[in-house]
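Next come the structures, one after another.
There are two complexes below, and they share chain A, which is joined by chain B in the first and by chain C in the second.
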Partner chain A sequence: MGVSFAAGNILSLLPVGVIVLAALLLVLLEVLWAGRANRRLAGFGGLAVVVAGIAQLVYFPLLPSPVLGGALRFDGFAAIVALTVLAVLFLTLIVSPAHMARMGLRGGEYYALLFLSASGMMLLPAARGLVSIIICIELLSLPLYVLAGYNRRLAFSREAGFKYFLLGAFASAFMIYAAFIWGTTGTLSLGVIAESLPSAGNRALLLLGLGLLLVGFAFKAALAPFHAWVPDVYEGSPTPVTGFMAAAVKVAVFAVFLRVLMEGLMPLAEFWRLALYVLAIITMCLGNLLALHQMSLKRLLAYSAITHAGYLVLGLIAANAEAVSAVLFYLIAYSAAVIGSLALVAAWATRRTDDVYISDLRGMAERQPLAALALTFFMLSLIGFPITAGFVGKVLLFYAAYKAGYIALLIIAIINTMVSVYYYLRVVQAMYFLPREQPEDAAEGGLKAAAPVSVVAWPYLTVALISAVAIVVLGLVPRSLLVWLSMCSF
Partner chain B sequence: MDALIQMMANAPLLSIIIFLPLAGAIIITLMSPAKSHSIKWFAFWASIATFLISLFLLAGGGGFEKFSHIEQYTWLPQIGVSYHIGVDGISLWLVLLTTFLLPISILSSFSAIRKREKEYYILLLLMGFALTGTFVSLDLFLFFLFWESVLIPMYLLIGIWGSGRRVYAATKFVLYTVVGSFFMLLAIIGLYVHFGTFDFIYLRSHILPPELQTWLFLAFFLAFAIKVPLFPFHTWLADAHTEAPTAGSVLLAALLLKMGGYGFIRFCLALFPDASVWAAPWIMGLAVISIIYGALVCAAQTDLKRLIALSSVAHMGFVMLGIFSFANTSIGQVGATIQMVSHGITTGALFLLVGVIYERRHTREIAQFGGLASVMPQYYNMFLITMLASVGLPALNGFVGEFLILLGAFRADWALGGLATFGVVLAAVYLLTMFRRVFHGECTKPENQKLLDLNVREFVYLVPLVLLMLWIGLYPKPYLSVIKPAVDRTVRAVMRISSGSVEYARSGEKAATALAQVLPENAPGGDG
Partner chain C sequence: MEPIVVYSLVLSAVLFTMGMLAVLVRRNPIIMFMGIELMLNAANLAFIAFSRHLDKLDGQVIALIFMAVAAAEVAIGLAIIVSIYRYRRDVDVDAVNSLRG
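Let's look at the complex of A and B:
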């Protein structure tokens, strides 16, 4: 491409730069502040996130600005994704120190790894070439493999880290087969691929490349039948990490997925639409059916994450202008609900399992009305009930899909939404309808310590309330966000 | 007084009626849960204030054929949603019924609800907010919002303060309703894709081509038919009504079921006239099955509350029969609208009466009673009038609606009308049998002999209901004169469009192509 290396607005890199710099400094500071440094590290990190957020707002790329020879191009879409990731990172930082202390974990590399992963997520939607996309995906994934297994004392957590690493490595390997697309079109840049696809030579090889790229994405986006890692990883990871993964990874991966399909591979739409059509149906139905009888809240949310990935694929298939802002809105709404729910899971989790069972929630409405109310809102938003952000997200997404003419798929999505009401309401039901279980008899007195804590510490409650307010505000007055999103679609 | 009326006429009256209960609920959240006395009375006075303000609706309107008290503010301009509300003859009495029954259900709960009172009254007020909003929304997005918002307070009311299998009943209630409403959401999105607006006023003057109408009609039909409930979608009803606390049952039977009937007459008829005429014979058939089947099931009940709950299936069957009896008049639809109001009053009162006896005896088994007439004479009188109103005795409110509905049904289809008339007889059978077993004969059970008669509070909330039954029964003209112009207008539009003298909307490419495919061979017919 004709753009020289130094050309482009290098200031667009400032927010990511701040985050990368913070990651490096966090490694140093951990050594300096040896010992009980959890709070200080999180505080420093929070400051860095705020600075990066301000930088992102100040240098909001209203016009697309390519940097680094066109390998990256920052635009409004990328900026919104970056801001969402920063918000999720900030909320994760609020929860982390308290939770690490309760689980008896040292800060160490934890914060640095979170920041590195976040930097990958922020770059991902700006990536313009197949190679830079794959590098960014690796940058966001590698730290997460370590973070998933961070709670070394729990067998669950070690299993999560290992499993995530193995399957993630497979996914990356599949993704690298996108080289076939390079082979047939002779370019790595998305824009050029789109131009040269119609005249591309070896059709079979091209489709093979497309298929393997889709498999790689499906792994990362947790689409069935490539979802098997999700429940175990979500369950085993330290809960704040689960929240970070569930929210931020989904935002980043779907953003880039949408971009690759719409900007690079539109000429092959008939093929990937068909593949995604099938994947969406399998994902929605399987995720829902498996969620129905989960006892663990983290596993429930894991299967719900799979289901929501299925709904989001509707937006990918629609691939129209409406779909871009719908997918972004849906992702933001979903992130708020999931990070809030997992903050409360973290608050109520026991040290032995780092998880909460639905039966533990019984009688919660009377013990902790505020937290119970917040969790109710999260569940309603995940269902897509009115006055929550989830409802607006669903309406926008369904509208995009309806407009593109995928009505049969929509009906399947609607039926799945109805089914999902059952398991989300099980959580509400336990909190509001069922009395607290009587403490076990004296013989099991040792287990009493395992009962969920009765007071939600302020960091958890803060995150839950911020998320709940965000959900209601976005549900009632999504106006300004919608304006923003419609400006930023590509 | 005139000055006051003048002032109220200029005020955003409907918004005040919608949001006053919400404001009350918010204020209660700030009160201490220990002060249950002040919470109760605050909720009561808030709802009374709402009721009194809602009476001003009667003063301002000019005939109620068109929508009055319209308010419209842009809300989400990107997707064309506005806060658009208004009231006409169809919705006016339902709004007043809501504001009227809210204080009554609050008053009836004072001694029945003993746990978590603060949350209870918050939820009752939220119900008032969502119900009023449902009946006045003129924007489909807004309508759906209120429609779904009714669900969660009712779910919690049944699940927390219900009896017996409350968790099961609450879950079943939500799942059933949600099945219908999400399909309705899909249809609303469909309308939006074709017309680019959610605005009801616009949509009712732009009619989809018949084939598309059918599909969207079916989605709306499912949502409303489950809510009404029409046979075979009625199975959630008995559990929800029976297990709910008394006030919950009152609101369910009197108002939630009306959301379905109102939805049919407001949205299905106006937006999908061809499909409505096409479906009318089928729906009338289902309505007659509901009437007969509901009555037979009632005759077999041993639980007093369950019997009254199931009687709603039969009574709402009449409403459905009236709405879809298309003849050359609107008599059936007018009857259906007044019947919705009557049924709300009568069945609400019946549930309150059952609540009274349940509070004293903690059982609802019919076999546990007998001979109550001598022990509780005042209670006996109230129950007698209400029961007769439910049977449809002339001079009481039930008669007016059922008579008009049957007149309309006979004109549309004499056979179905005849079968439905048989349902009136069956209603007399099961209600009178129940009444005999509860009140007549010897009072043999010792625990029944010391029962206290109605107290002042119970009188206060029952007497207005009974007076209304007599008023509507003896002099229904003021009610009908409000209802008739608006209903006439709706039904005239249906007849005009379905007889083929109207051009279908051409907005959007899709609508236009579908029109080209559909119109030549499928000329819409006007016969029902």
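Let's look at the complex of A and C:
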């Protein structure tokens, strides 16, 4: 290969550029607006996100445009993922200042780190070489390690940051050791890998590289034997960060996972399909079983995240044209539900634990009907109940798996969906049908009874309502999104 | 493959395994962290060995890039470990276990 370097259409980098610039400015502004700058920083950040979103829409890459010598290639798929990440970031910014103030945290680097992480997520689906993919994953993860441990006062949060870092770095090492793929094919760019795989030299070394790469991705995507960090990290992180992680990281990682498999490793499909088949079954079943008895809402959502990762693997295995838009639709529906429910968790969380227990939700329907209704919608969407976005997502995803001929896997997924009804509806039942516990708690002292009765403040409610509306709209008129998604086949 | 490439790859695999075992078996965060560094550098060694095998310089450049990545990871990781230490006055993974279930 000659060393030709074409910068390409640099304007496609504009949205990411805006986000990176905003991150740097936020560091500066934090110093200038020392002290109580939380709200102003978030406002500035929101403005930057809107500008980046507009830039992304204006320079929507209808045709794939390679940038920086082919290391990145922006196309519809990357643009949709970037827009989703921006939306999630915006919702996180709405919730963050209020939550930080309640937890007694200083703003500071928090917003800059969120933006840096988002820039990694926006670049990730555009990355075309394994090196750029790994670097984007690092760019996405490193700020999140810090954010997970941001609430340093709480032992939980420190622990979450530490565990996330250790296992994340462990996973990165596996990914980087996919050096074997380079060694046998002589290239790290996805398209060229696909071309040179059939004639690749040493098959055993190649499969070793593939296996290591899959382990790395399985860690990042929270698939079952490598899921151990998820519940701890989700529970311990500050709640808006959990929402950001659960939604945006999942979108970015699954998008790039799909792209690596479909674009780079299709000639090895028989091997990774088998591996993912096993992982999908373990992930769905284990995630569901462990979710059944969770009392903490954040932990419940963490196990549900694992289960949903299992469903998404169906789309990865199918790896056909339907799967691309199905996976994206599912990810967007899931993001809306999870960021909305975590906004409500943040609203009801106590300062001591930064978490909500299902027993705290008793009688919530009487006290805060609007918030309870929104949470009900999120739970229904996570189940995949008709008229919600989750339903459409599941139908699309399962149809893609059906079309690819994975009937047995499909049946296991459907059974798992039914099992999951139990624990999602337990949340709804606590809000609507269980009386508010009073007498015993009053005797115990005000601590527990006084926990989450406060009225949901407007930032949390705004986010919850936006997410709920998105879920209903996408559930009733899925075409509104599918039109966009049809542009992103690759 | 030339013998030197094979030797380097074997060495790299041994280093990677040692690093992995250090993460899985040892309980001291610093040692676990060193294990991760060992794994990363084993990967770099593999890249350099393959670079020789394929007669391309790319592998050495990639190894340099990943060294920078590893350095960034070290900066973050040590900061996190120090922040835990400041609150607890000791670092032992078994003591960092209030989250479970």
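Just so we're on the same page, the second predicted complex is superposed on the first by the 472 of 490 C-alpha atoms of A that agree within 3 Å, B and C clash if a C-alpha of one lies under 4 Å from a C-alpha of the other, contacts with A are read in each partner's own complex, and residues count from 1 in each chain.
One rule holds for everything that comes next: contacts are C-beta pairs under 8 Å (C-beta built on N, C-alpha and C of every residue); 3 or more make two chains touch, one makes a residue touch a chain.
If you're wondering where the values come from, they're calculated on a predicted model, not measured in any experiment.
Asker: Is A:Leu166 contacted by the first partner chain B, the second partner chain C, both or neither?
Answerer: A:Leu166 contacts chain C only, not chain B.
Asker: Going by the touch definition up top, name the partner, chain B or chain C, that contacts more of chain A.
Answerer: Between chain B and chain C, C touches the greater number of residues in chain A.
Asker: Which holds for A:Ile133: it touches chain B only (first), chain C only (second), both, or neither?
Answerer: A:Ile133 sits against neither chain B nor chain C.
Asker: So, A:Ala82: does it touch chain B (first), chain C (second), both, or neither?
Answerer: After superposing on A, A:Ala82 lies clear of both chain B and chain C.
Asker: For A:Tyr177, is the partner it touches chain B (first), chain C (second), both, or none of the two (neither)?
Answerer: second
Asker: Which partner does A:Arg158 reach: the first (chain B), the second (chain C), both, or neither?
Answerer: A:Arg158: touches chain C, not chain B.
Asker: Once the shared chain is lined up, is A:Phe433 touching chain B (first), chain C (second), both, or neither of them?
Answerer: Touch status of A:Phe433: first partner only.
Asker: Once chain A of both complexes is superposed, is A:Leu380 in touch with chain B (first), chain C (second), both, or neither?
Answerer: Touch status of A:Leu380: first partner only.
Asker: Applying the document's definition of touch, where does A:Val421 land relative to chain B and chain C: first, second, both, or neither?
Answerer: After superposition on chain A, A:Val421 lies in contact with chain B alone.
Asker: Scan A:Glu235 for contacts with chain B and chain C and give back first, second, both or neither.
Answerer: After superposition on chain A, A:Glu235 lies in contact with chain C alone.
Asker: Which part of chain B faces chain A closely enough to touch in the complex?
Answerer: Chain B reaches chain A through residues 75-79, 116, 141, 144-145, 148-149, 151-152, 155-156, 159-160, 166-167, 170-171, 174-175, 178-179, 182-183, 185-186, 189-190, 192-193.
Asker: Note which residues of chain A are touching chain C in the complex, please.
Answerer: 131, 134-135, 138, 142, 145-146, 149, 152, 155-156, 158-163, 165-166, 169-170, 172-174, 176-177, 179-180, 182-183, 186, 188, 231-232, 235-236, 294, 299
Asker: Spell out the residues on chain A that touch chain B in their complex, using ranges where they run on.
Answerer: Contact set of chain A toward chain B: 366, 380, 385-387, 391, 395-396, 398-399, 402-403, 410-411, 414, 417-418, 421-422, 425, 429, 432-434, 478-479, 482-483, 486.
Asker: Within their complex, state which residues of chain C touch chain A.
Answerer: That would be residues 16, 19, 23, 29, 32-33, 36, 39-40, 42-44, 46-47, 49-50, 53-54, 56, 58-59, 62, 65-66, 69, 72-73, 76-77, 79-81, 83-84, 87, 96-101 of chain C.
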